[in-house]
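Going in written order, the chains are labelled A, B, C and D, and every chain counts its residues from 1.
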Amino acid sequence: MANKLISIQTEPFSVETAIADVKAVSNGIGAVVTFLGIGRDISKGEVITDLNFEHYPGMAEKKLEDIRARALLNFNIIEMAILHRIGPIAIGEDIVLIVAASAHRNDAFMACEWAITELKRVTPIWKTETTSKGAVWVSQTP
Amino acid sequence: MANKLISIQTEPFSVETAIADVKAVSNGIGAVVTFLGIGRDISKGEVITDLNFEHYPGMAEKKLEDIRARALLNFNIIEMAILHRIGPIAIGEDIVLIVAASAHRNDAFMACEWAITELKRVTPIWKTETTSKGAVWVSQTP
Amino acid sequence: MLQVKFFAMLRGIAGVESKEFDISAPVTVRELKEIILADIPALTEALESRSMLISVNQEVAHDNDTVSDGDEVAFLPPFSGG
Amino acid sequence: MLQVKFFAMLRGIAGVESKEFDISAPVTVRELKEIILADIPALTEALESRSMLISVNQEVAHDNDTVSDGDEVAFLPPFSGG
């Protein structure tokens, strides 16, 4: 199960499938909160034409597994999925998906927001943004 | 546009389509937060076999439009969709969907959480829960 | 003629989805409630509950608001959508 | 042999994705850093930045931790995933 719920992949993911995978875990799920990160056309005032993500294979997956495990331990949620794409990503394309499911909505909101913040903090994934000046490594995402 | 973004309907909605409709509004969208309410099998300790929703036609749609308008006014979001199903709903089926899109994630989280809380507070929609004792009107949802 | 709609458990108690009342002059919501209760006494407990909302032309109204011929009035039990 | 991996902008500066270093006895992370900088001086500014993390066998490590033969060490610039 955890294999489907944690993934770093080059191909696009399906939000519908990820939600269905999480919902399949329990009929006690009453709330699913989803965070979807998308490639924006503007960053710090610059027009972005392209994004590219790379990760530390092995360590990055381990960190996502660890975020899921800590979310299940520390929040009153029933299941969580975390998917992240790597490689070239066009503007408007999905980058990252977090799905948090709980009986009541507050728990799913809290866990989902924590998980995306934690993902940005601890997961060895890096991106380049391509502007008219070329591709540059982004050194920090808020 | 608002027609697709606000809907009270008997047929199931597509989360994927709703997110796509919202994303289509702007390439400046970097975050989409989605809340999905689902029919649970247990409520206040009772086993639920079935749900049924009814609404005040006209007024309920107006309230959802109003929630969307206030969310766009009061939160730093780019777009919002609100879909609610009525009629019979089986356990595990989707009931309500809120999609909030913004440049940065905090705004979408705040607007999405506010919108579902406000929906429950002001929208004339009612449900029955069917247990072994029969179908009863639920007088309040937390 | 003024149309009064009953939703959810109120519809079950009233036995009808909606009913028309012949209100010649404007009356307050409170006065309309009395007219309705005289006609459908079974609604007394429900309509006098503090958690019951009333709408006039699909906007929430209060006891001292007035309703006139042609208005659409509804009694709204506590919501349970979402 | 100990493998050192360079990610993101570090890969560009080092000119390689990874490089093997012959460390006979265990050394501290700080000592390993000096060995690497002697070999690839272009990395000096980057590796001495306070925002650079180091991992040993895919766990974040610190200057006084030791690394041994067979370990996988990586230098991790500030993350920008999500």
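Basically, a contact is a pair of C-beta atoms (placed from the backbone, for glycine too) under 8 Å apart; a residue touches a chain by one contact, two chains touch by 3 or more.
Please read all numbers here as calculations on a predicted model, not as lab measurements.
Note on connectivity: the fewest steps through touching chains from chain B to chain D is 2.
Ranked by separation of Cα centres from chain A, the top chain is C.
Mean C-alpha position of chain A lies 49 Å from that of chain C. Chain centres here are Cα averages; for chain C and chain D they lie 74 Å apart. Averaged C-alpha coordinates put the centre of chain A at 27 Å from the centre of chain D. Chain geometry summary: the mean Cα position of chain A and that of chain B are 23 Å apart. The residues of chain B that reach two or more other chains are 37, 116, listed in rising order. Remark: the chains found to touch one another pair up as A-B, A-D, B-C. Touching chain A in their complex are the following residues of chain B: 14-16, 19, 23, 27-42, 91-92, 103-105, 108-109, 112-113, 116, 142.
Across the complex, chain A meets chain D through its residues 37, 53-56, 58-60, 62, 84, 95-96, 116, 119-127, 137-141. Residues of chain C that touch chain B in their complex: 5, 7-9, 12, 51, 55, 58, 74, 76-82.
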